[in-house]
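Following this line, the structures themselves.
Common to both upcoming complexes is chain A, partnered first by chain B, then by chain C.
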Partner chain A sequence: MFLRRILFRLLQAIPTLAGVAVLVFVLVRVVPGDPVAMMIPPGADDAVVLRLHALYGLDKPVWNQFTIWAGQALTGNFGVSITTRQNVTGLIFSRLPATLELVFLAATIAVAVGGALAVMGTRFSGRGGEVAVDAVTGFVLSVPDFLWGLGFIVLFGVLLPVLPISGRSDPTRALGLATDFTLTESFLRLRWGITADVLAHMAMPAVALALPLAAMIARVLKASLAEQMGQDYALLSRVKGFSRWHVILAEALRNAAIPTVSLTGVQLTFLVGGTVLIEKIFSYPGIGSLAIDAVINRDLPLIQGLILTFAAIFILINLALDLSYAALDPRLRHG
Partner chain B sequence: MNLTRRGLVASGLTLAAANRLIPLRAARAEGDTVTIAYHVGLPAWDPTVGPSAVNPTIQSIYQSVFDQYIGQNPDLSFTGGLLEKWGWNDAGTGIWMDVRQGAVWHDGSPVTPDDVVWSLTRAGDPKGGNPIQFVWGNLSNFKVEGHRVTADAKQYDPALFKWMAFLTGYVLPKAYFEKVGPEGFEKKPIGSGPYMVDAFERNAFLRLKANPHYWGGEPAIETVVFKFVTDASARVAEIESGSSDVTLEIPYEEYDRLKKKSGLKGVTTPVSDIGMIFITNVDPVMLDANVRHAMVKSVDKKLLVDKLLRGYGVPIDTLEAPEYEAYDPSIKTPYDPKGAAKLMAASGYSKDKPAKFTIQTTRGFKPKDYEMIQAIVGMWRHVGIDASIEVYEIAKHFELRAAHKLAPAAFYNWGNAIGDPTTSTGFAMFSHSPHSAWHSDDVDALINPLWGERDEAKRIAGWKAVDRYVADHALVLPLLQYVQQIVHKAGLNVVPHISGALQPQRFTRA
Partner chain C sequence: MADPGTLRHALRNWRVLIGGGLLLALVIAAIFAPLLAPYDPLDQDLAAQLAAPDWHFSSTTHALGTDSLGRDVLSRLIFGSRVALTVALVAGILTALVGTALGLAAGFFGGWVDAAISRAVDIWSSFPPVLLSIILVALIGTGLWSVVAAIVLIDWTRFCRVVRAETLKQRRLDYVDAAVVAGLTPRRILWREVVPNVLPLALVLLTLEMGIAVVVEAILSFVGLSISSDAPSWGGMIAEGREVVHQAPWVLIGAMLVLLATVLGFNVLGDGLKAELDPVLR
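Coming up: the complex of A and B.
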């Protein structure tokens, strides 16, 4: 049943991705900006321009370009990037780990901080603690992630230069790792020096990404917890003599988690989108900064590949979200 | 697969054990290191094909790793590269080039005349993807005699050897390239330049090591790191925090602030990059010479430089900057708002009944570009010109320019690192060039004989005459020459290059 559901959701993703592919292919050709015009050198004449169009296959009708591209894409080949002359699939897979690790770290921070604030706010409901939590989350929500990023650069990069400002690792250090999952691999291989270095580089972008989500989680979870704490089972537990901490953490939290998980899932997709700006600010080499370069350079094959990747990530997040509902709520698991 | 806690721990321990068995390649880089917070990333390594090959902003990196056929000094004068001597034969039908002896590739193999022939042949192949193929395709029938290479030329090109110091004018290693192929070359590029590639992480950093066997002498700085920091505020933070030793392309205000800070220094130079406004003769209003002259006369370029660019610019009156070969200081288009208003009145325009057209500009592509156009539009308003600003991206500009569909006025910055008039006035004003905006037979008639002119003095005089004609008829509005600012740590000497290329091989310790 469980596997069938996964399979069904994956099959549903195919027409979605196909639709995205068609839409993106057409859109990137409709918006202004000819990639060949970007590389016309001084001294070129019309013949050179035509030759360059032919070289990149841009002289063919759009439908013809699409059939060629779609045929290759079905075999996993998304073409060659115009600017980097690298295979698009390879290029994206070499950069995806950096973004996935950043998103994972940011989401972990957001859940931990947001959850802790919600629990604190519930525990000290009606007192100064709740007011403080509400004030903090309100302030954090009112500042966009990129502004947090710039603020962190000034504070922790310049005034208190304790954290590196840009990149993913110290460029003077030879990493010698087998994969591009630098944080994960260095951690599993007990290369603590590299792990610490990578974490230091990820700290500011991850926290900048995490803060707005943490505040959102704190608000929704606190509201859910407040509702649960008013339920009969919670009151009964209190009457039985269990402490407020115990009721919140051991009984109410699990029930309150479902709407929070739903919100977190939706916000995770925004978190992935938010990496584009944050990666640019921190010169973090993930698919977000790759996307900006691709758009600036009108690198059509790369733009198409990246948008499909983002779409696939969103679909997978939604799938994981659905599965997590089932894990949290037995009623959904058993129909 | 069931992932249990015990299984996870076991996997971790296995990986940890494996880690002990795998020899660590990691080693902290040692020695003298200079880190540059660089404003653009490096998309691709082959400096002769694709869009990167004609991207002026990454030539600094290419010039660190690869040698050009002919080199260029910081003042734009030419010097030996992998060619020691060069020239045209007496008849102007072919060229000769003496290849430098003693130069070696980064893998230790010698640079040979075959490498030069192969590089030029590849560059001239129409299917090879070299954007400047139309220049290199002029050469054929290469012959090697000792260290001399000769070739036939389809036509005399006075700028041919200058192109050898310009975009795509790099010599690549024939044997290595054929062995590893284009993809292998992208993964592990080698050249014969002053620095060797040690590590490269796309969009993150490039680490270079000094080439101890460089024919021009080993560079003073052992390790150079280009950190790709594309956000200007992050570059400011990099240099201010001490994380980087050198940076460039930062806001003028930040440059003025940083250069006064203890431990930092600033160095500036005018560069071969000018700001200009194309005038396109597609709109009837631009066919009125009075309007064009009024557009030129009513712009106070000195004010723009002083107030908007904080003095980091040089007002210009032609498309030739003072360092270019065909620069003629006697050509002047003085600021004269009263004269401009009279010209507009003569054509029936006034503040109340202004001439209307659109001016296109980028916003943030060059420092203060949009603000500069706003100021110019304000100046024009006083003489009876009501221009509406349209902001577009640079990709759109290129597309419109190539299609001759730019608005009547369009802001652009034009680079010309070799300082030759063909690559400034020539391609900007010749109607058959996709880069020109003003298309007219009279200008073409002046330019046409100059493409193949063999008498250099006559050629330069001819281009000066074209510049005078263009200024006299107000066919373009040259604004200013940009000034590059570089901030660096006080313990470093940085020599700026008028081409704008930041060359770490010229760095020394103070």
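Coming up: the complex of A and C.
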């Protein structure tokens, strides 16, 4: 049953991805500007331009270009990046782990901090806890996301220089790891010196990415917890003599979780989108900063590959969200 | 809502005063930039690169320091307000017009119009806005007007969603039924009865949208997709300041604080207006 649901949703994702692929191809082709112009020095003669056009297949009709591109894309080949001359698929896969680890860390921080704030606010609601949580979340949400990362750079990189402000690891250190999942792999291989170094580099971007989501989670979860605490079952537990901690953590939290899960799922796609800017701010080598460089250099093959990668991530997040509803709500599982 | 009583009452609201004051300072800086700025924002003083802020006001000192080309930070901040204000006004108002018109149409006419517009809003707002704006500007080309177009194309949904809900609410109220019974045409009901009641809400949203537009422009300038990097803009200064943050943190800090003050100004004013224009809250 559960497996069939996963399979069904995965099958549903195929036409969506195909639609995105067609859209991306059409959009990128209707844009004015010659992609080859970025590769040659100004004043190069026409013969060179024509030869490059032929080399990249830009002299063929658009329809023909699409069939070639789609055929290659199906085999996992998205062509060669115009600026770096590297294979697009290889380039994306070498950068993707950095972004995935950043997103995972940021989401974990957001859920932990937001959840803790909501629980504390509910537990101490009589003693100003609610007001304090509202004040903190209000402050976090009133400052634009964009400024949190920059503010951290000024605070913890310059005025109180405790954290590195760019990159993913100390460039003088030879990592010697087999994969690009540096954080995970160094941890599993017990090379915790590298783990600590990578964590120090990821601390500011991950927290900057997590803060707005943490504030939103705190607000939504606190509201649903307050609602649950007013229900008869919570009152009955209190009358039976269970502590407020027990009622909140063991009983109300699970019932209050669904609106928060749905919010987190939706916001997770926005968090992935936010990596683009955060990675640029912290010169973090993931697919977000790669995307910005690709856009600035008008590197069409790379832009196409990246948009499809982002689309695939969004589809997977929605799939996971759908499945987690079923896991949380027995009515959906058996209905 | 335009009667002098409301206006006088609004000016007693501290949020309206603070937000309005901050924005008034922005407007003055933008209009009188050539008079206020101590230097030409493009003038490079290669003898004073990355000079630290110096508060001994004279004709050769830089109150907020200089950047890596020796350009005066204060003057660039003042001239940068012109870009910010232009984008806030043009993008804000265009977004409000498009979104409010579509929201009114969806809420008032219902049926397939509502279905089509609501579906578009759903699809539109499922994309991460930062990613979408970067892709859009990459497609239409860089420059200030592309930034404006990208903001309108992405943010119309904010207005559409809220205005549609408010229009639906207004349409169910008795006064609209009364207008129908009195034999008014739908067009007259829309323009003379529903629109004036939806307008205050749209105005609040417009104030908030202007703040968002300023941030989006700064983000796209920061990334290098807005106006050219020579011309003074806060986002461009943030990008430069990020490069030299160890040698000259004042470039980054100055631009960040100005951007923050502007956004908070719009947000606080919006909150204040919301409280003032809502007869129930007042």
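Keep in mind that, in the parts below, the second predicted complex is superposed on the first by the 329 of 335 C-alpha atoms of A that agree within 3 Å, B and C clash if a C-alpha of one lies under 4 Å from a C-alpha of the other, contacts with A are read in each partner's own complex, and residues count from 1 in each chain.
One rule holds for everything that comes next: contacts are C-beta pairs under 8 Å (C-beta built on N, C-alpha and C of every residue); 3 or more make two chains touch, one makes a residue touch a chain.
Here the structure is a predicted model, which is why all the values come from computation and not from measurement.
Aligning the shared chain A places chain B and chain C in steric conflict. Of the two partner chains placed by the overlay, only chain B lies in contact with A:Leu290; chain C stays clear of it. Judged by the touch definition given at the top, the superposed model places A:Ile303 against chain C, while chain B stays out of reach. Looking at the shared chain after the overlay, A:Gly273 reaches chain C, while chain B stays out of its contact range.
When the two complexes are overlaid on their common chain A, residue A:Thr184 makes contact with neither chain B nor chain C.
Using the contact criterion defined above for the overlaid structures, shared-chain residue A:Asn77 touches neither chain B nor chain C, since it reaches no partner.
Contacts of A:Ile281 after superposition on the shared chain: both chain B and chain C are touched.
Within the superposed three-chain model, A:Thr89 lies out of touch with both chain B and chain C [touch as defined at top]. In the superposed model, A:Gly167 makes contact with chain B only, not with chain C. In the superposed three-chain model, the partner touching more residues of chain A is B, compared with the other of chain B and chain C. In the superposition on chain A, contact of A:Val154 is made with both chain B and chain C. Residues 32-33, 150, 153-154, 157-158, 165, 280-281, 292, 296, 298 of chain A lie at the contact with chain B in one complex and at the contact with chain C in the other. Every residue of chain B that touches chain A in the complex is listed here, in rising order: 12, 15-16, 18-19, 24-29, 33, 35, 37, 41, 43-44, 46, 49-52, 54, 126-127, 129, 131-135, 167-168, 182, 186, 199, 201-205, 207, 223, 225, 227-231, 233-234, 237-238, 240-243, 392-396, 398-399, 401-402, 416, 422-423, 426-427, 432-435.
Taken in their complex, chain A has these residues touching chain C: 27-28, 31-33, 142-144, 146-147, 150-151, 153-154, 157-159, 165, 269-270, 272-274, 276-277, 280-281, 291-292, 295-296, 298, 303, 307, 310, 314. Against chain B, in their complex, chain A makes its touches with residues 32-35, 37-49, 51-52, 55, 81-86, 91, 94-95, 150, 153-154, 157-158, 161, 164-169, 171-176, 188-191, 194, 280-285, 289-290, 292-293, 296-298. Against chain A, the residues of chain C that register as touching in their complex are 126-132, 134-135, 137-141, 215, 218-219, 222-225, 238, 242, 245-246, 249, 252-253, 256, 259-260, 263-264, 267.
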